[in-house]
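In this document, chain identifiers A, B, C, D, E, F, G and H correspond to the written order of the chains, with residue numbering beginning at 1 in each.
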Amino acid sequence: MAKGRIIIDEDKCKGCNLCTFYCPVHILELNKEKTNARGYTPLMVTDPDKCIACSFCAMMCPDSVITVERFIKEDNHG
Amino acid sequence: MINEQLIIAGFGGQGVMLMGQLLSFAATNKDINTLWFPSYGPETRGGTANCSVTISEESVNSPVISKPDSLIIMNKPSLAKFQDKLKKDGCLFINTSLVKDVPIRDGVNVYKIPANDIASKLGNPKVANMVMMGAYLAVTKVFSQEDIIEVLKEKFVGEKASLIGINQEALNEGAKAVTL
Amino acid sequence: MSNTKIVYEKSKALEDVHLSYCPGCTHGVIHKLVAESLVELDILDRAVGISSVGCSALNYDFFTCDMQQAAHGRAPAVATGIKRFKPDSIVFTYQGDGDLGSIGIAEAIHAAHRGENMTIVFVNNAIYGMTGGQMAPTTLIGQKTTTSPEGRTEAQAGLPLRIAELMATIPGATYIERVSVHDPKHVMKAKKALKKAFEIQKNKQGFSLIEFISTCPVNWGMTPKKAVDWAVDNMIPYFPLGVYKDKLAGENK
Amino acid sequence: MGKVLMKGNEAMALAAIKGGCDAFFGYPITPQNELPEYLSKHMQANGRVFVQSESEVAAINMVYGAAGAGARVLTSSSSPGIALKQEGITYIAGAELPAVIINVMRGGPGLGGIQPSQGDYKQITRGGGNGDYYLYSLAPESLQEAVDLIKESFEIADYYRNPVMIAVDGLIGQMMEPVDFDHEVKKWDLKPKDWVADGDRKSHPKNIINSLYLDPTDLENHNLKLKKKYDDMKANHQRYEMINMENAEIAIVAFGSTSRIARTAIQLLKEQGVNCGILRPITIYPFPEKAFKELPKEVKDLVVVEMNTGQMIDDVKIATMGTHNIHFYGRVGGIVPEAEEIVDAVLKARGESNE
Amino acid sequence: MGKVLMKGNEAMALAAIKGGCDAFFGYPITPQNELPEYLSKHMQANGRVFVQSESEVAAINMVYGAAGAGARVLTSSSSPGIALKQEGITYIAGAELPAVIINVMRGGPGLGGIQPSQGDYKQITRGGGNGDYYLYSLAPESLQEAVDLIKESFEIADYYRNPVMIAVDGLIGQMMEPVDFDHEVKKWDLKPKDWVADGDRKSHPKNIINSLYLDPTDLENHNLKLKKKYDDMKANHQRYEMINMENAEIAIVAFGSTSRIARTAIQLLKEQGVNCGILRPITIYPFPEKAFKELPKEVKDLVVVEMNTGQMIDDVKIATMGTHNIHFYGRVGGIVPEAEEIVDAVLKARGESNE
Amino acid sequence: MSNTKIVYEKSKALEDVHLSYCPGCTHGVIHKLVAESLVELDILDRAVGISSVGCSALNYDFFTCDMQQAAHGRAPAVATGIKRFKPDSIVFTYQGDGDLGSIGIAEAIHAAHRGENMTIVFVNNAIYGMTGGQMAPTTLIGQKTTTSPEGRTEAQAGLPLRIAELMATIPGATYIERVSVHDPKHVMKAKKALKKAFEIQKNKQGFSLIEFISTCPVNWGMTPKKAVDWAVDNMIPYFPLGVYKDKLAGENK
Amino acid sequence: MINEQLIIAGFGGQGVMLMGQLLSFAATNKDINTLWFPSYGPETRGGTANCSVTISEESVNSPVISKPDSLIIMNKPSLAKFQDKLKKDGCLFINTSLVKDVPIRDGVNVYKIPANDIASKLGNPKVANMVMMGAYLAVTKVFSQEDIIEVLKEKFVGEKASLIGINQEALNEGAKAVTL
Amino acid sequence: MAKGRIIIDEDKCKGCNLCTFYCPVHILELNKEKTNARGYTPLMVTDPDKCIACSFCAMMCPDSVITVERFIKEDNHG
């Protein structure tokens, strides 16, 4: 069950692939099917359920492409 | 008598500059006058890039080409930027893999080449520029394919020599795309 | 959906524009840390940033605070002019290793010497990015650049300068630290250092400089991830991370 | 405050304070040292900024920063120091910032000497930095005029958002004369400085100070905007003085302290029955071309007198375009011409054209 | 070695090597980076000196030292970098040292842009440094001419013991053209360098390299000695080309790459029945005033075309002193005019004066 | 009379002219040490000295070797130009604390950074002598100068720079020592240091800088002896004497 | 009407500059136009120094005095350098303590004052300049001694005030030296 | 008995008085009776017999005014 999720601003993504290496649950990858307005291949999440909202991906993204949200209900279980 | 003014335009990274240089080298090999001039957009990275190539048996004056004989267009913004400059009855080569759904002006000879698609089929998307070059040479006959291959052989030495084959294929496919 | 909390988003100290950096260049990461620090310390609305000359020359368009674009190397002098006239402003420069370490070393040293109450964000990527990859004073021995095509040699160009170490000897400087942004842990550490520097300025406690180990994937000729790994393997051993001067805590290191 | 006897450098310093100068940045160099020395004492006492910078390069960039933050800023130096500031000056002009720069000229080129000179005329009027820009450049001939012009120069700089250069020589810097610091000077019609980047976001939206325009169309527009300023200076703010010109048969063209020596020379000439006028440029940029249109018809010969090898001749040629005979007398290297030498030069010019 | 296709910056670098350049000192700046990059590889390979200096200021002072030790030295930069070198340049001129400086001009003022420009005309021809000195300044229009002139410039610098400036723009720096590197260039009549301070006391008595003359009489004499050189340049070494001037009814005045565009323009004009010549200054200092005396009588109108706001106009005015109507067409900020724009400017000028 | 041996005389590396220095100024003592070192190491006839801008600007007339006069602060760059072109020459610069410490700090640092095989004679008299006594970067706190008329304060001008310490952090530098000439014993020590520096150059072992604590009796407003005593009592405590870097012996201090 | 042009010349350190300044201050106090201009020799230390002083009820033009009305000469080299400039019938004041055995030109009024000797007798060799000043004032009557003392009182405040007495004495002795 | 002696180049002396403080046998002093060509009071030796030829005075003189000679006979006694 996902602890949160990330929102990708695809148009800002430069497809640099940096963030993908830092996701502890390995759910990030470039979306080879897409090309954004600037000609880059943007990021996508392969398995959103696994996201732990750790923000590592977002921290490493030079272009502030990624917003990270934590699901609050989860907190109550804690 | 050769007297060709050409503008090649696209994104940085599409090999636009190299295409122009190859033509200038071919001219130099034949002791024909030539001038190559690059122009980069205000964005250093990933912006637009274009170059002007003049090949002439007379002496070359202005490096700036205001009315090109031919135009090789590698991406959408470049078409908008340059097509109106093209001489009446000039040749317009368009990479239709990336340039779609754009109105094209009248009064010029249009050649549509899905260069990226062809290049991908050849197994190396980077040779899209050579596909366009093949088409350009086939139509204008400014130089033969051999002239270009000769330059490539001079430049691609060592490891890079292995790339000549695919470039040759790309030239061929480009030629085919406009002669079929 | 309503039960979510945003835990990471683009800083409001950054404009909503495309950054001019190449894909995966860590200049962008460092920008975020500057932006977040200004917001978190509540000093954004009195900040003036100084863009220098390098790949970051255009960052006057990226930060939402007041900005001045300085001549190559002279950002600390420009900052001095602003800060002396407006002592309550928060002034930072953002400079590369060519800008600060080469042409501008005098201005950096003398801003520290006078104890100017400002913060220098120093981005060491061991190369001149903007101009296409020439040798910088911090280029490592053996590193190939367009002006050291066979790799930098000591005989021709000397041993790379260590800026944090050099600046730490200046009696007027308050805080000097070298950090890296090669993984999330170090990003967090780097941010802590930068916030500390800005806090020192906020408290009018003087000059601070944070040196960031950064990458230049394009001119190093590597993918962004490879570049980050190269920095860890090659730069950090020569440019050790850590606090080089902390006047407020007595001199460390 | 009546007239005060002061050394030129100190009087110029005090004039800056009276002109509302908020900040001074500079580096020592002879023959202008008394100026920063005076300010080191009196700026701080007045709650203003004084910084002795590490170099001229740093000084001019501090000027850029403070001016960009809205200050009225001064820097001063002498010839080689001004040469070092050229990059900074072109940045200030490019970013459209107001600033006042005093050049107390000494002999050149290179390290040269430390005696008075006007050898930087071209450096000042043609811009030693890159690109299309000019400095509004004033060349006072006395301490009173220097004081009045410096006070006003802060207004002019603010009005045009462009650096103003005060071009004097070691004579003006080192001499003492009584000066009245309370002369009223022209107030220019100034707009509020809503463009400053000073971090005070409570009072204005984000501002950027910049001279970089990567898009050529933007840079062209910027250049044309700057050119308008220079055209306006030329059209509306040429300054000059016509001395003893009514019945003149010949005229001297001289600026700054050279024109003072010329004043003595024309008295001596009068004793010899020669009526000689002086056309004295006060602005050396914009060059007072208008003055030349006002020359009496009788005046066919112009004797340019300078403490250099003839740098102003170009401007006199451009202003006259062949309508007058142009003669030159100059001393260089820190040698100040005596009035008698100028007398001889005028007589010689007169003789030549009467031949 | 036949013709080689090379980028301008690289061709200029190789030309320097062919011209006997012993040492290069420089700092990176767009759009001339390929020049030092090429030399970083090829100078050392040839046992010569290449140093990437810490700044332009350091570079020009390294030039001073090496030139003072007898080397043929080169430095290159672009507009703001040249502004920074002004103090060093005036020292080199003051100490009478030979050196070659290449300025690949870009748009200004300040940081400006990185596209081609001719905006440093005044910085180059009027000297941005202090004091009375000038640079022998060459403005080639093609790579072949650039290569030939650079090869010769080391001779000229040695002959005059004065810096030589090669003034080109980003167009020349970035374009590729086939070049023959083996053109014979003029050999100047050079004396042995017995004045060098290189520590080699086995071959000469003590020498001093210096620009400081504290005694004004000494400095005056020094200035007059320098002036003689500049007068000699003016009298004997103006260079220019008259293009299509025989039957011209109007003429363009243009230097460097602008004159190439003008060449295309006059072909277009001919198609329209207008016979237009080009007066192309090759030396911009000394300005080829002699060329203007050679203009056909029919030419009454001169159209100055530059990539700046009109900096050469002054020189054209001085050269003509009212004998011609002077028109101007310029583009700025990195925008290169097209031949058609020049055609229109010529037609307009012709129209105006026919009105 | 015939039975005498000269044990001290004017060095033949000094011209027989009047030195332009004020009476009792220790610039003259330092000149003698330079001259004697050149003679004793037998390198006078391949030496080039670089005069800087300061009271010593005219010393191209004092030394008997080839001389070049450099722009203010740029002597190390001029020296680089000479040395690179003539690697077998012996090149030294002679620079004041304004010249080297203020306007010329970048050139000094980068000559060291590149490891130029040259020797810098750095004369620290805590003031700008030539221009009439303005504050230098090495002016002590409380010291009155014409631009710190109430005495230098940290708030206005920062803490004095320590050049030897700063230069010692530069990886490219080989030998850095601070000496004084306030009594015969220290004069001898100073000469040893300077000779060592020149020897390193002679052996092509790289960059050396010797910082001399010197006096300015005129602008300090003291007799020459009082000035020497003032230097001992005030300067040496802040600028401790000693070897700051000796690459050949491993890093000391 | 006062219209005096004076050159004072000597070694650096002889108080030459101060003498000239005192006269200019006195003029300013009386609202008379004045201009003082210093000139140092090429040697910074221990070289020659001189200053030009113009005092005039008309406006002052050239700061450079080519034909002085008076000349105060404090040392030997200065006599040689300046005496020929002196106006015909001008006043030449010579410090004969330091200027001996030198030919003096004709056509001028010469006043010989052993200023250093007088000053030493007064117990302060430094006031030799004020001895010369006393002589100068006594002869030219440009200002009274009181005018100068007033300036001294304005300038010598605090500790220095104690020096006014000896300066007054020096002025007196100088005056005596030329009026006896 | 003097071990040596010093020779003073009076015209070069600037009368700065620095050397006198370093003579271990206190035999140096300025000669108030004299003024040299440049107007300075030059150095003199008050008691030449005491000179031990230590060179301290010469070392401290900024203007190379002093030459020091050692009497060689003395060495033979040693």
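In this section, contacts are C-beta pairs under 8 Å (C-beta built on N, C-alpha and C of every residue); 3 or more make two chains touch, one makes a residue touch a chain.
What you see is a predicted model, and the numbers here were worked out from it, not measured in a lab.
> What is the shortest path, in steps, from chain D to chain G when you may only step between chains that touch?
The distance in steps between these two chains is 1.
> Among all other chains, pick the one whose mean CA position is farthest from the mean CA position of chain E.
Checked the centroid distances; the maximum from chain E is H.
> Indicate the whole-number Å distance between the mean C-alpha point of chain A and the mean C-alpha point of chain D.
61
> Would you kindly tell me how far, in whole Å, the mean C-alpha position of chain H lies from that of chain A?
Centre-to-centre distance between chain A and chain H: 85 Å.
> Measuring centre to centre with CA averages, how many angstrom lie between chain B and chain E?
From the centre of chain B to the centre of chain E is 34 Å.
> Indicate the whole-number Å distance between the mean C-alpha point of chain A and the mean C-alpha point of chain C.
Their C-alpha centroids are separated by 26 Å.
> Among the residues of chain D, which are close enough to touch at least two other chains?
As it turns out, chain D has residues touching two or more other chains at 54-55, 57, 80, 87, 91, 95, 110-111, 113, 210-212, 214-216.
> Do you know which chain C residues sit against two or more other chains?
Within chain C, the residues that touch at least two other chains are 21-23, 57, 69, 71, 102-103, 105-106, 109-110, 113-114, 130, 137, 157.
> For chain G, which residues are shared contacts with two or more other chains?
Counting only residues that touch two or more other chains, chain G contributes 42-43, 46.
> Flag every residue of chain C that touches chain F in the complex, lowest number first.
102-106, 109-110, 112-116, 137, 154, 157-162, 165-166, 168-172
> For chain F, which residues are in contact with chain H within the complex?
For chain F paired with chain H, touching residues are 3-11, 14, 18-19, 21-29, 31-32, 183-184, 187-188, 217, 223-225, 228.
> Under the stated contact criterion, what part of chain B meets chain E in this complex?
Contacts found on chain B: 21, 24-25, 27-28, 31, 33-38, 42, 60-64, 66.
> Going by the contact rule set out above, which residues of chain C touch chain D in the complex?
44-48, 50-51, 57-58, 60-61, 64-71, 74, 77-86, 88-91, 106-107, 109-110, 113-114
> Report the residues of chain E in contact with chain C in the complex, numbered from low to high.
For this pair, the touching residues of chain E are 27-30, 33, 36-37, 40-41, 44, 50, 52, 54-56, 80, 110-111.
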